Amino acid sequence: MKKKEFALEVEGLTVSFDGFKAVDDLSFYVDEGEIRVIIGPNGAGKTTVLDLICGKTKATSGSIRFRGTELTKLKENEIVDAGVGRKFQNPSIYENLTVFENLELSYPKGKKVFGALFFRRDQEVIDKVREVAREIFLEEKLSMKASLLSHGQKQWLEIGMLLIQDPALMMLDEPVAGMSVAERKQTAELLRRITKGRSVIVIEHDMKFVEDIADRVTVMHQGKLLAEGSMESIKKNQQVIDVYLGQ
Amino acid sequence: MLSGYTASELLSIFAMQGFAGLSLFSVFLLMALGLAVIFGQMGVINMAHGEFMILGAYTTYVTSNLFQAYAPGLFPIYFFVAVAVSFIAAGALGALVEWAVIRHLYSRPLDTLLATWGLSLILQQVYRSIFGAKEVTVILPDWMMGALQVTDSIEIPINGLIVLVLTLIVTVFMWAVMFRSRLGVQLRAVVLNRPMAGAVGINTALVDRITFSFGCGIAGIAGCAFTMIGSTGPTAGQLYIVDTFLVVVFGGAGTLIGTICSAFGIAQAQSVMEFFMSGSMAKVITLLIVVGILMIRPQGLFSVKVRK
Amino acid sequence: MKSKIAAKLSAVLIGAALACAAGQALAGDNPIAVTDKAVTVGILHSITGTIALSEAGSVQGEKLAIKEINKQGGVLGRQIEYVQEDGASDWPTYSEKAQKLILKDHVATIFGCWTSASRKAVLPIVEQHDNLLFYPVFTEGLESSPNIIYLGPDATQQIIAGLDWVINEKKAKTFYFIGSDYIWPRTSFKIARKYIEDKGLKVVGEEYYPLGHTQFNSVINKFKLKKPDVIFSTVVGGSNVAFYKQMKAAGIDLAKEKPLLLTTSVTEDEVLGIGGENIEGGYSIMKYFQSMKNEENEKFVKDFKAAYGEKSVIGDTTESAYLGPWIWKAAVEKAGTFDIDKVRAALPGIELVKTPNGYVKVHENHYMWMKTYIGQAQKDGQFKIVHGSELMEPNPFMKGY
Amino acid sequence: MKTPALASSNKGFALNLTVLLALLVLVFPSSMDIFRLNMMGKYLSYAFVAMGLVLCWGYGGILSLGQGIFFGLGGYCMAMFLKLEASTPEYTASQTTPGIPDFMDWNQLTELPWFWEAFKSFPLTLVLILLVPTVFAYFFGLCMFKRRVGGVYFSIITQAIACIMTILIVGQQGYTGGINGITDLKTCMGFDIRTNGAKLFLYYLCVFLLVLAVLLCTWVSRSKAGRLLVAIRDDEQRVRFSGYDVANYKIFVLCFSAFLSAVGGAMFTLQTGFMSPSFVGIVASIEMVVFCAVGGRMSIYGAIYGTLIVSVAKTAISENFPELWSLLIGAIFIGCVLVFPKGLAGLYADHVMPFLSGLDGRLKGAFRGAREDREAQIEALRDVPADKVLLGVPPQFLSGDGMDGIDDGRSLS
């Protein structure tokens, strides 16, 4: 039987910090175009999994393949080039630059040193930045310093910085944390728009939000995979209720 | 170069050479301990560390003169008093410096480098104005000089032994303070999370001041010990500064055991190489090895892989 | 548009600059500062930085001599005034300050420099502006500038006298060399090795340590292994202190003369830092020791202590520095003018019959004829003179070595 | 279309450059004799290093305490050429081996070492002056930054490297001149570099190269690479996740600063007629960092003024109070760090600029809109925690500083 082609294949992934296994023999597979949500109690190793995929942390053993490319051996920027983008839990943007410059820096052109030296802000770049800014509700704020944005706006900006890279796999760590109700709604819409045509991994605690967007859900507990499946099946899983949902 | 000697001659040379390495180790460690606190724990790049050591040396000089003048009978034991006085003097200056300069700079570690560099210039000039540009001799009681005849051909320098013992005591003392005392716990709390430490009621300003002055005090003890083996002059402190930083960085800033191991490794490497090649080349090669290893392990020998 | 304005502006600026330049280039001709009452000289030593501890004595010696000369009525009826500059233990600073003394203060001569490197930095300056430098330190030679007077012994004068003595009197057969890593120790040992090997004797080790090195245990172990008759040291500066303290601590008692220690780099000044008890019994080769018994020296020591305190000591370089102004005075008086060319022409052959170290005479090559002495270090920091050489001719280019 | 902000930043640039030129080309030469002017030229050669540090440290956050290595390498390359020219067989006739530099003869070398051969040719020497330090910086940077050695660790390793270089240069005196350095340099391509005319020419050459360096630095700092460097300084990890190879940028800026330092070193050698290992050492390297800090570590012009002011102060104090200068210089460092952490440039931007723009604003209303915008930003920044402002790039500090592009420039209207 021909093996099914997944977008992302994580197999036997383990990382240990000084003996403590934050992620322990984890395997999961994400389809092309799938929106996968990872849930689990605090300390389950969710963020660490994203760290491992995007190269922030190096795996102790196991493999991560994205469209056939082994990611564990690559450097962060090479992983980005391979088409994997990530938004961090705390908004991680260039506070000292303007919104425009934040997006411009993320624009995938002039990434080499000499490319950057001779980089020119041409119409194509400006158009693309404006387009993304419109998408993330920040068109009016383009010349504002990023440090002056509200928390929610910073989250959007970071999503925008991800978006402008046009990644094939998008990883979002708690994208609606710290947002007002109205902002959450806007964000859910935003995510639905921008996740079209790519694989997405989301970490989220807001169950309502999870139900809204998830194709499939992976539940982690103490670094291990606890359950996987549709939201419906997960909700009924007794183990999951015990360690996480039932609280 | 070793042909033409009897086995026992060689054995005793190796024994003495081993001890030379050991005494270099204790020198390095003693220099580095104070900095391990100030730089390793607090992140302050104290370029005036050498000048704090020299303050200890000058304090010892003054103490020895006072004893000679007023209590010649107690002269043989003045050194122990000098160790304590050096600790207090350097510590007091440390507290003053922390209050006047360092406390404004905790958020800007690289700026501490510039400020303390300025401080070192000032201290050098102050020493020069008070004690003169020439080096001074610290007269040691007779029992501290000379060598211990272990066998016919093995002789162990007594002052080397004293430095070694002093280093051990200081190390244990420091370990106790850092890991077994309330100050140590508070210090580590402050280092890890300053606002949180403040929030749980730790007087962070006081902890900073005490810690900095403690580190400087240990530098003072080092300076006191060095009067036995090195020179005491206004600029002598500069000779030590690069070595000291390398020991701390090589070991992995913030780990006591790392500092000890790195001092041991660097000292033995240098000592062994000095025996087989010229002093200049030995120094160059030792430094290159240290830089090379730091390249492979940028966080130093003993650093913990942490989950960020 | 803006850039055009900038371009025009810069064009104007450059034009104006060239005009200034023309004016500048014509300036020249550097008179010396002599009035009817006074003549200005320069003193250029490090009073800060790592070498300051060695140079302090030289400054004292020069100032004392100037004071005494002034008291006697000065030079050609003029009082000597000095401008002192700090070389800051940094060679480029010496070069800059020497230029300043010559071009700004118009000094008639400079007394100064200590390390070879500082002299090398000042040499082109005094040559270019045709001024004079009186240099008070023992030197490796290898240089003979028409504008520098070398007041200290050259390498041959120190070394050959010393080696002759240990070979003849102490029957030394094997030698171990240890020095700081720079030109003077290396040149000294080059001469010494040739001299020793020509006599069929043996050099069993030769080591150099970086300036400022403070750990000598390894080399001390090598002494124990090789058991040389003589340890010949040219270690300088702060390293000296560490070297002798560690020797003593390792159980090498210099007073037993097994091995015997011979050095060309320790004067009374250095002993102050090393501590008399640590070097007691070692032999130093110098042209002057504070303990010399003659009328001139007793007066000199008395005056020096009166000026700088009872505890102050006088080393060879301090005394050389003290000779500088006296030799310059003699040359000026012989020339009958402060004109530097004429003073320079008058210098060779100048002799001072009575100085604290006895008779000296300026050689054609600007070094000094002198006698060399060997002194044994005592616990009180003084040296006991055990041997004196004949009057020796300076041989800076070491013909034959 | 040019926006008001961009126009004003260009205006600031032109003004700054004009003031600098006026000072260096008009004021100094007309008010100083050749000795003082030569000293100024010498200080200007340090300014190259300080400017390199602005980009390397101020922008990139890489504090190198070994810039003296590059300054020294550049200077030594120049000195080697000049020394060979000064060591003609006629002039060195008294040596055992005539025709080689005197210090080689003293160290019993009988022929020119192979690596000196290249310095017989002037064009090759010029290439090597620029190439040797840059290539060294490249490999050093490669080793350090690819392995992600950064921050304080990098600074301390650069110190160790400076230490190694000094010991090597001093220890290999037969090849390098040892602690004396390479001295007694006389002519360059037959021109006597010691004459007043030559010194004047070299001063202007130095000013010319300095202006080129200013333009080059301004260009780099205003390019996207300049913005990336600031981003790397503030959050290196984030830049990686934007898809940049951070190490390459760090290597680039280290090489760039090494390149500038080398030019400074070569100009130093030409103007003073010698090169000494003391420049390779730690003390000189830290002094150069201090120049940069006093000037304002984010300001290219500040670096130049900082260098000039500290050097002049040092000379003036040491000439008048030789025993006190290190006290005063030490106090200046501490004061500078404590009271004016942004250096002269910060002082200028905080106090002089607002005053000037107030004047300016009353004269011409045209740019008012843009200015109010900027002041609004400044106001807004006041609420940001102090350490953020210090570590970051407060806008008022940037204006008229050649790096406006980073923050107020090029808005899109």
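Think of it as A, B, C and D in the order they're written, each chain with its own count starting at 1.
Heads up, the rule we're going with is that a residue touches a chain if its C-beta (ideal position, glycine included) is under 8 Å from a C-beta of that chain, and two chains touch if they have at least 3 such contacts.
Just so we're clear, the structure is a prediction, and the values are computed from it rather than from any experiment.
Novice: Under the document's definition of touching, what chains do chain B and chain C have as common neighbours?
Specialist: D
Novice: Expressed in steps between touching chains, what is the minimal separation of chain A and chain D?
Specialist: The fewest touching-chain steps linking chain A to chain D number 1.
Novice: With chain centres defined as mean CA positions, report which chain is farthest from chain A.
Specialist: For chain A, the chain whose C-alpha mean is farthest off is C.
Novice: Taking each chain's centre as the mean of its CA atoms, how far is chain B from chain D in angstrom?
Specialist: That pair's centroid distance is 34 Å.
Novice: Please compute the C-alpha centroid of chain A, do the same for chain B, then give the distance between them in whole Å.
Specialist: Roughly 48 Å separates the two chain centres.
Novice: Averaging over Cα atoms per chain, report the distance between chain C and chain D in Å.
Specialist: About 36 Å separates the centre of chain C from that of chain D.
Novice: From the C-alpha centre of chain A to that of chain C, how far is it in Å?
Specialist: 72
Novice: When you check chain C against every other chain, which residues touch at least two of them?
Specialist: Each of 47-48, 181, 208, 210 in chain C touches at least two other chains.
Novice: Please output the residue numbers of chain A that touch at least 2 other chains, ranges allowed.
Specialist: Not one residue in chain A touches at least two other chains.
Novice: Which residue numbers or ranges of chain B touch two or more of the other chains?
Specialist: Where chain B meets two or more other chains at a single residue, that happens at 124-125, 238, 278, 280, 283.
Novice: Would you mind writing out the residues of chain C in touch with chain B in their complex?
Specialist: Where chain C meets chain B, its residues are 47-50, 52-53, 55-57, 181, 207-210, 212-215, 217-222, 224-225, 238-242, 245-246, 248-251, 269, 272-278.
Novice: Please name which positions on chain B make contact with chain D in the complex.
Specialist: 39, 43, 45, 47, 101, 104-105, 107-111, 113-115, 117-122, 124-126, 129, 238, 241-242, 245-246, 249, 253, 278, 280-281, 283-284, 287-288, 290-291, 294-296, 298-299
Novice: Provide the residue numbers of chain D that touch chain B in the complex, in ascending order.
Specialist: By the definition above, chain D touches chain B via 57, 63, 65, 143-144, 147-150, 152-153, 155-157, 159-161, 163-164, 167-168, 170-171, 282-283, 286, 289-290, 293, 323-324, 326-327, 329-334, 336-338, 341, 387, 390-391.
Novice: Provide the residue numbers of chain D that touch chain A in the complex, in ascending order.
Specialist: 220, 223-225, 227-228, 230-231, 234-235, 237-246, 248-249, 252, 377, 380-381, 384, 388, 392-393, 395, 406-407, 410-412
Novice: Can you name the residues of chain B that touch chain C in the complex?
Specialist: 5, 9, 13, 16-17, 19-20, 23-24, 27, 124-125, 128, 132-139, 145-147, 149, 155, 157-160, 228-236, 238-239, 270-271, 274-275, 278-280, 283
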